[in-house]
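Some structures to go through are shown next.
In the two complexes that follow, chain A is the common piece, with chain B as its partner first and chain C second.
== the complex of A and B ==
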């Protein structure tokens, strides 16, 4: 469907996109995720045709579109600030693409009508953009792009200008809509929650390079680089070295903190330096020693933060490293296991949890 | 209660009474001259300051004044063409500057500011120099070019300001949705710039309509605009006709603005722009088509004269009789005439310089000999006015009209019999004396008061200056055009003024009496000359001959109220004029007449003296 091959973009000495290769399937909801300045928007703009690629190729359904002007690509964009035409009303904004393609008047009217209903804008056709809320404008922008039935729809931070509540609502609608229309969506965001919730696949970018491209679940559960591990969600990371690998079980010596065993992860060769990563919600505090299938480390509670559904503990290992542990308050209440600051505890977790990242 | 107090006085900063009062006062001050002008345009009298009853007379005067209509037509034609072109060019420049980086962009950008900060007069002079250099004839084209040059800058800067605030993602969105570059410009960029383009166009339009200075330098013989016309008419006092013209302009402008405003509020600014530009374009096109098809292959004659100094009826008759189209342009004084000719403005066929200026023009080669053999009426001219020392051969000029400066006083207020210029130095009349605001006439009076001839002796000049400085506290002021109003209102008892004005004052009542002072009076004599390169020399000679026809001269004199040296004409005049000593001074006065001469280098000293007197 959309193939990006060795795409490269630089402004003088400043390389903003470096050797990016992506294959996006028809009907896929694909997300480019990364911090601001990572190059994700530049890729989007190169697909749209607003930026020229320094080198590399962009293929759409087997045709090279790298050097086509934006109006010759069967690709539409939904802009971050929506970029609605202030001089046109809602219906005229939506009809713009069809009008430019000299579509017959009646067909325009029919299709506008259909899209207006699809986007939940019925009754607002005569409004001017300035008279609408952010959420409504967002729908108009979406409708304006979708009416052209592009092969790929590019969405640039589509939800970032909305209130949190509306953004969550819209997120659900967006996913639903994408399923209905079946158009390939490529969307750019710096908001990982959005990305995890919406995307079929996520490409995580940093410094112009794709760090990892995978399903949300794999991105979250099996980060492949230190950046991805750090960027997505909360992650405890400890330096270590693989001491042995036997029968599918890796033993890792954490520097000064003790040994941990991992039964489900990539198994690097013994002796390699690794980063041991584990999510705070995978661990629990306990006064009891770890059971046979568990890893356990001694620690002291340093701080405790009650945030409603969970409690966040900061505990310090004997080596000095700080670890974050998130416990479900519901479960803590059932077992009445609350810990106070200064208390000596064990951090225990299953040997099936945790991931090793090459350093 | 507490709520009320805090509401009107939220921040403890009072009600802004002072600010409001000052604002009201300023607006009042701004508007009141306009209101006065509009009210006075309905004044039935000739004066500007005294209300004499309601009348729409001056409007009909304006509507029937072909010259004024010509000027109005010129003004609008020039304004419309220059606005359309400046708006298009200015918008294009703004787009180039706003959207692209190119070599010299910063330079262009800075150069654009020049017309907005450069004194207009420098701009005008430099444009004139350029036009003369490239031999662009001064006329519509030169004025339009000049107006485009400065108004384009304003359009560019206004549009550029808007463009800098323009969200360029809108362009991307348009391209993204399949629009081409032109479609994007047409449907997205242009509508969003429309308010700025429209206000730029309005600005250009007003600048062009308003402009005096640049137009003054770049106008030719045939293309006087309304401001130029009004300025040249002011020489003869601000008549209510000017108020009427101004009122029409005010109504027009306010209506146009209100209309634009109303349309803007109902949306569709791009529609207004479209219609405005289309309307203007249509008018221009229509004008060109009409002028093309109805272009008369008539002979033309361009006069350059003081305003109202040739009978309009007579000109019409000349046009009919010889199938000629006559256009008249006005100058205010000889110096203006000289400077225009020196600048190289061509196109005038017949000019009306005063005696001493004929000598100067001749010496500078700016006028050419007249074919006197074709002037069958030349023998009608009183020989005492021919071949005077400024034109000994009599071949460069034909006398047109003459007058002199004398005194008039109100016998109700002054019981003494006055015979001498000394009356103007009389303590008894303190603050009730007027003198003309004219260097030569005032200095001449000073010389004669002291019993001197006007020669080039600096010591005499020194004495004269002192005498005039001594006299100044006795004067109400130096005044040229409003003397009649002052006299008629009784505000002034005695005035020095020109005989034409004296004739007007005398006709206002028996109480006024003219004095031709025993020390002698200073004459002026205006002449008809043909500039070098006059395009229609023969028609000009035809016109001279026409004016010298005694019957025509008589009709002309009735209008201009100055004497023409055509003795046979007096027989055709009504008694009131024929016997008026204010128009035809006694023969002994004529025989001893003194004409103002060009003083050459000594002029500098005269001017210094005049300045010294004026600044006291």
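== the complex of A and C ==
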């Protein structure tokens, strides 16, 4: 539906977007995620037509839209600051697009009415933007874009200006709304929780390049690059070398820390340098040696933080590397396993856990 | 944090400027008002009293004509200057910081230059043997110098030159504060560039436009130096008339009445203007 083919954008010597290729399907909720300055907003602005691509092509339903002005693209944007017209009331703001297209008056009224109800803005039609809360303004901005029934809706950090509670509520509504209208959504965010919760697929960007484009689950469970592994969630990373691979079971020698075994892993060849990645919640502390299906490393508890639902331990391996382990408090209470600072323990985890990332 | 101070202490800040305004603005204005009702002595003296004679005299044909001419000059000057200033301000607001700074300096340098120097400089351009005539005659386009000086043309040239920075700056400052995402939103929603200009850009420049129009109109209406320097006998304005009443004719009461009439007229104009533009004006002021 939306095809981006080797898109490139540079300002002089500064390459902001480098050789980006994306295929976004109709009705997809697609997310561009990355730290600020990674080029995600620039891609969005090139799709909207506010920035000219240095090279590459943007195709919408088979038509080349790369060089069309913004008003000739069947694409609408919800701006980060909402960009509501301050001298128009809610209804006038929402009707703006239809008015510009010379839609008959009666049709405008009907469609505004419908969208106002869809966005939960009934009764606020006469309000001026300055008289509304951030959450309400956000809905107006969304309604103003959706009323034109664009083929693609672009959302630039749609929830970043809202406070946390309202953003979480709005997140649920946004997902629901997208299912209802069936319009392709492309949204840009630096908030990974938002991206993981909302998107069908996420493209993770860094330095103008897409590091990985996949479903939220695959992004979280199977990061492909060091950047993705580090950027999404908490991750322990240890340098290592694959010593053998046989029938999907890889043995990795961690530098000075010992050996670990990964079942369900056939990617790297023996001899490759890798980064062994494992999430803190996949590991547990124990006084017992690892069982046959587990990996285990000796370590010393260095710090512990009780944060309500979980406890965060920092433990030190014998080689000096620090590892983070997150344990569910209710499980710790069941087994009465609490460890104190300075205690010698094993960190154990299943051989099915962990990922290898090429370096 | 200011709550902890007593408001009374802040009132003290108003004393020096308040005293200044009282002594050099309110008192003279009251004197002018009192004089405008007073009687004129034969040798330029003023006798206190009450007469409306001076105000009646304003309505006489000759003076009324000068009054209307001043209004016309101020109106047309404002209009022509606006037509030049708006494009400059518009261009500046979208230009890069570098270009913005260059234009700003170009506008500010004449602004900082002595007024008389600027008027003499203008004379060397539009004068009978000025640059324009020299060029046109040198290239053989004309063989007699064009009448560019000491007439209505040169008065307007002077007024427009003088007013340009006063109009560019307020318009620029309101356009420059316009959030570009509003323009992008308008284009994004399908509006053409022209529609966007008319519905977004122009309405947001209204506060600046009002300021610019007042800054140009009011001083032009009362100006007497430019018609004196650049104009001929047909370009006598209300300012010249007032000056002559105080300096040459020694008719202070009539001069005072003219001054009061002009202040009154300008105030009517400004208050009508502000009332007329209040809805969108105050809105935009609120949100910019």
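In this section, the second predicted complex is superposed on the first by the 358 of 359 C-alpha atoms of A that agree within 3 Å, B and C clash if a C-alpha of one lies under 4 Å from a C-alpha of the other, contacts with A are read in each partner's own complex, and residues count from 1 in each chain.
Going forward, a contact is a pair of C-beta atoms (placed from the backbone, for glycine too) under 8 Å apart; a residue touches a chain by one contact, two chains touch by 3 or more.
Fair warning: this is a prediction, and the values are worked out from it, not measured in the lab.
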item: Which of chain B and chain C A:85 touches, first, second, both or neither; value: both
item: Contacts of A:48 with chain B and chain C, given as first, second, both or neither; value: both
item: Which superposed partner A:97 touches (first chain B, second chain C, both, neither); value: both
item: Which of chain B and chain C A:70 touches, first, second, both or neither; value: both
item: Which of chain B and chain C A:178 touches, first, second, both or neither; value: neither
item: Partner chain(s) touched by A:130 [first = chain B, second = chain C, both, neither]; value: second
item: Touched partner set for A:138, first chain B, second chain C, both or neither; value: neither
item: Partner chain(s) touched by A:212 [first = chain B, second = chain C, both, neither]; value: neither
item: Partner chain in contact with A:148 - chain B first, chain C second, else both or neither; value: both
item: Footprint overlap on chain A, where chain B in one structure and chain C in the other make contact; value: 48-50, 69-71, 75-77, 79, 81, 83-87, 96-97, 100-101, 144-145, 148
item: Residue ranges of chain A touching chain C (in the complex, touch as defined); value: 48-50, 69-71, 75-77, 79-81, 83-87, 96-97, 100-101, 128-130, 144-145, 148
item: Complex contact set, residues of chain C against chain A; value: 179, 181-182, 184-192, 195, 199-200, 203-204, 280, 283-284, 286-287
item: Of chain A, residues touching chain B in the complex; value: 48-50, 69-71, 75-77, 79, 81, 83-87, 96-97, 100-101, 144-145, 148
item: Chain A-facing residues of chain B, complex; value: 167, 169-170, 172-180, 183, 187-188, 191-192, 270
